[in-house]
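Shared between the two complexes below is chain A, which pairs with chain B and chain C, respectively.
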Partner chain A sequence: MAALTPTVLPDVGAPAAPTGRPRRVRVWRGIVLVVAAVYFLVPLLASFVFTVNDPVQGFSLDAYGEIFSAEGFGQSLLLSLGLAAATIVTVLVLTLPAMLAVRLSAPRLRPVMEILCTLPLVVPPITFVAGISTVLRWGPDYLSTTPLYQTFIAVQNPAFPVVLVIADVVLALPFVYRALDAGLGAMDVRTLVEAARNCGASWPHVMFRVVIPNLKSGLASASFLTLALVLGEYTVARLLGFQPFSVWIVTISGANAALSVAVSIFSLLLTWLLLLVLSTAGTRQRSGS
Partner chain B sequence: MNGARVEFRGLRRTFGTTVALDGLDLTVEPGELIALLGPSGCGKTTALRCVAGFESPDAGAVLVDGKDITRVPANRRDAGMVFQSYSLFPNLNARDNVTFGLRVRKVPTAKRHARAAELLELVGLPSQGERYPHQLSGGQQQRVALARALALEPQVLLLDEPLSALDAKVRVTLREEIRRLQLSLGITTIFVTHDQEEALSIADHVAVLKDGRLEQSGPPAEIYDRPATPFVAEFVGTMNHLPGRVTGDEVEVAGQRLPVHGQRPDSPDVDVLVRPETVLVTPDPEGEAVVVTSSFRGASVRLRLRLAGGTEILADLPGHDAARLAPGEHARVRLVERPVLVAPRTAAVADAVPAAG
Partner chain C sequence: MAETLTTAPAGLPAEEPPKTGGSRHRAKGWTAALPLMLFVGLAFGIPAIALLGGAFTSDGSLSTANLTESLQGAYLTALLGSVKLSALVAVAGAVLGTFLAQAVVTSRFRALREAVLTASGVLANFGGVPLAFAWIATLGNSGVLTSRLNLGDHGWSLYSFWGLALVYLYFSVPLMVLVVVPALDGLRPQWREAAQNNGASAWQFWRYVGIPVLTPSLLGGVVLLFGGAFAAYATAAAMVGTVVPLVTLQIADALTGNVLIGHENVALALSFDMIVVAGLVMAVYLPLQRRSARWLR
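Moving on to the complex of A and B:
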């Protein structure tokens, strides 16, 4: 749930509300909530009205019906979800052990790791994709029979472009790092790991039975952020010529304005739904173990 | 559960330029509770972590029952540990925490639960098995941690300041219970603490460490009564520093001549180390000493007196004796006739220095 809070509920005053002047605080809290709600909900409502308001028939949900029959919808959506799943797994498998190792045995490397993981934030995606495509286009003829060349071709398979997973992993690093760092900071990792080792647990056992169960909220918010990022990622996918969901929305919008807005609302609801599923799954497992 | 002999041999460990252990040699006899005592940074925790396998020494070895375990990974060592900070797994309830190690070893569930019940009973929490760590008090958490450390019937029990996060009353009860358990199980126990009272009250042996070296090791009474070095004297209990002058085998201090115990510095001008409870104070309007402050401690009263020469001295008296010694009253001060420790004169001789505790 934690990761959902900043997007959905800008409930600023609640945790720190002083008990001395509850009335004024409550008033301010209400004002902030209303302002935020207006800011978020008005565009949404406007979009919704636009999609259901047909100049001829009045109210109609046709635009939403069209989504599912539109060409390429299922394919691009599945591609995006597949990319998101692959990215989440890859980025977690890469960062979690690295962050644990740094925390446990090389705390002095922490700033280095932090800078490395934050770096993608300062590199604009356009620069990033220019670099990637330059590398992918580079392939002298004498290399055409080597595994390197084969790899270049394999990662660009339009059915499942691995190169997008790689790019998304890099783009997701700052968010995943922040989320996991907060999660690890909230528990006394060193002591817990040592206590588990002291009970005879091997390293994989420590990882799966101690670290991961106690890092659920951190892992969940890292996953949410990555999911949202991959579903919305446009620049890299578009410039490399692939068609995940975000690119498909833009493509379709040229032909049918109402449909494209309907798709946007649909994708928003879908993302929220996925986040909700992920977060409730996380909390339920914790309380029911 | 039978205790093992633990030996530290020339243990050395440095962190960058800091030397945590500088050739520590120490033997812990089977079934003994030894307290590693020292100020922070003296290497006591590092020594303990070397036994647990969380630190590997740069030189030297740790032997358990004659077997060198220095390079054995932490998860294959036979030592249960209780940590200073709360170390229970937050996602598991007390019972599952206790049986974590049994689960690692794939012990069947029924057997695990039976063992958990037995251990929780042992640490005085028979009905708390279903509770999660955040539902337990600090003292209860450390009891569960103790049960967890004992679950695998280890040869050695390692306690890394397990009581330092608890409040005073719980600390005293729990340390007595730890001692009772340790005696009934006969398990070799290494107890790290910076609290000298804790060390003296429950240990069979106290090892005082300073700068990564063993300063003195012996039974609590010996450490307290016959400290081998001024450092030990200073660290364990409270010590008065009185200016004195050595002549022959005796030292002249506060108008008395007392035999000297232990080493003598080269210079005849020395600090004489005297425990507050060996200072005898009698009310006497003609006396040269003046009571400066008096602090009531329940069973006893600690007086700070100014002697004729301006030196201040601390004295502990039974509470009822001190009624007539309010601040400003005159008194006579004598030292108990027994061998005293002397140290080279330090700069701050004028003050009686109350050491840790």
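Moving on to the complex of A and C:
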């Protein structure tokens, strides 16, 4: 090699590279990592300091104690969790059979499915709400004499707004689709299903005893992502005038800044815990297979 | 000869049964996918039609008056503000994210890599209201750092264009790390060695090998970050209110009735503008993703 390129080697400084480069790379890498660590950790530490900093006592955890007794806390959290449960069930019941069908018997539908499940990523949530609220206004405007009007009122029941479940399912579709697609790609669905069918298993049996147990990690990650999404969803709920957890945090922020930051940290830890469980479950699955 | 010819048509009907069986099978596939399609058609289609209809109607007749209005004055400022902010966040986030990813990928410590990737997965999903409050507590007017370092005296304000960009980077950089790490892993060490053996400097390696291979993933990442920042509403609403003109804030304002009577449909026209911008950006992304997938096998 060196014999082939004798004229080039000296002036490029190839001998200098082995001695000079590693240290330069290491310094550069250290700076990047330190800056990143400062940028990502400081807001978290600072918001914790903000919540425990008491002008009189110097240190107090009162803000955290107040969370649970704050007005509307339990109600809004319960609403969020209820919405999350309904959304997870609906989105899985809708998506899983469709994705199995696409893999097993209707591969031509695959592009259609892909487009359907990517659309919510392209369309910003706020434009989606603009459309929904226009539709909801049709209720009183045009449909007040028809039986459909009752449906319009029922889906907007503030105790459990079904319209939010519908919106959240649409918003969750891309994430659920990707999680389930990865899960289905990791197992040999066709062989499993055909083997089970040849052994005389019914379709429900195939679903619950063959497909779902094999798809556990995919289903778990889809559910966790949906849960995180619904718990953090603010745009749709706020603009349609409902008050789940994320909207409640903003509502109380005017009255008590320390409390709202404490609730933010609390909800963050909750979400992070879920996502960490999800990511460790994912890696364990990968190393196991 | 004649015999083989006659058997051929005879062979055709023999192929028929599996064919019909296949189509019956396909019919079954359709039915299982039907509920999802119906649901998306209704839950997504009806609002979309309502939006389009509203955006192009004014006083009950078809017109482009709303669209024209949505591209004028304060609305145009907001739309441009959103595009500017998203572009800044996308480019800065992509550059910083790539540097961070490269630092992690070339590191010898496996634990560091795992930690950064896990943290990125978590932080990339960290948007919305809690993010805004964490930053308000840190660098807001009475934030911890603002009061300790007297940043207020130096003209610092979190509730500004640059403050918003700083906050948006908090979820954009981790997203970029997630996007670009597989691509950086795909840069084979052999390519670098080959370049070095041919006498290329580090700069030449990146200029002629590294960057061209990474370009699709990098641009794809820029597009994703742009989309995320462009659509973000909760963080901006909780942080700046209406101090910084953003199209999402304008739409929310118009939707909640903060608009002249007879101009309610401007919100829909603005939404339409947003979808057009987001759609254009995504149209760039999809082919890029396909191209970058080629290198990651």
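We adopt the following convention: the second predicted complex is superposed on the first by the 225 of 289 C-alpha atoms of A that agree within 3 Å, B and C clash if a C-alpha of one lies under 4 Å from a C-alpha of the other, contacts with A are read in each partner's own complex, and residues count from 1 in each chain.
As a working rule, a residue touches a chain if its C-beta (ideal position, glycine included) is under 8 Å from a C-beta of that chain, and two chains touch if they have at least 3 such contacts.
Small disclaimer: the values here were computed from a predicted structure and weren't measured.
S.K.: Using the superposition on chain A described above, determine whether A:V32 touches chain B (first), chain C (second), both, or neither.
M.R.: A:V32 sits against chain C, while chain B stays out of touch.
S.K.: Looking at the overlay, what does A:V135 touch: chain B (first), chain C (second), both, or neither?
M.R.: A:V135 contacts chain C only, not chain B.
S.K.: Residues of chain A touched: more by chain B or chain C?
M.R.: C
S.K.: Once the shared chain is lined up, is A:A84 touching chain B (first), chain C (second), both, or neither of them?
M.R.: Touch status of A:A84: no partner.
S.K.: Between chain B and chain C, whom does A:A228 touch in the aligned arrangement: first, second, both, or neither?
M.R.: A:A228 contacts chain C only, not chain B.
S.K.: Can you check the complex and tell me which residues of chain A touch chain C?
M.R.: Its residues touching chain C are 1, 5, 8-9, 12-14, 17, 21, 25, 28-29, 32-33, 36, 39-40, 42-44, 46-47, 49-51, 53, 93-95, 97-98, 100-102, 104-106, 108-109, 112-113, 116, 119-135, 138, 166-167, 169-170, 173, 225, 228, 232-235, 238-239, 246, 249-250, 253, 257, 260-261, 264-265, 267-268, 271-272, 275-276, 279.
S.K.: In their complex, what parts of chain B are in touch with chain A?
M.R.: Residues in contact with chain A: 52-54, 73-77, 79-81, 83, 85-92, 100-101, 104-105, 145, 148-149, 151-152.
S.K.: What does chain A use to touch chain B in their complex?
M.R.: 187-188, 191-192, 194-202, 205, 209-210, 213-214, 286, 289
S.K.: For a test of understanding, state which residues of chain C touch chain A in their complex under the given definition.
M.R.: Residues in contact with chain A: 25-26, 28-37, 39-40, 43-44, 46-48, 50-51, 54, 99-100, 102-104, 106-107, 112, 118-119, 121-123, 125-130, 133-139, 142-145, 169-170, 173, 196-202, 227, 230-231, 233-234, 237-238, 248, 251-252, 255-256, 267-268, 270-272, 274-275, 278-279, 282.
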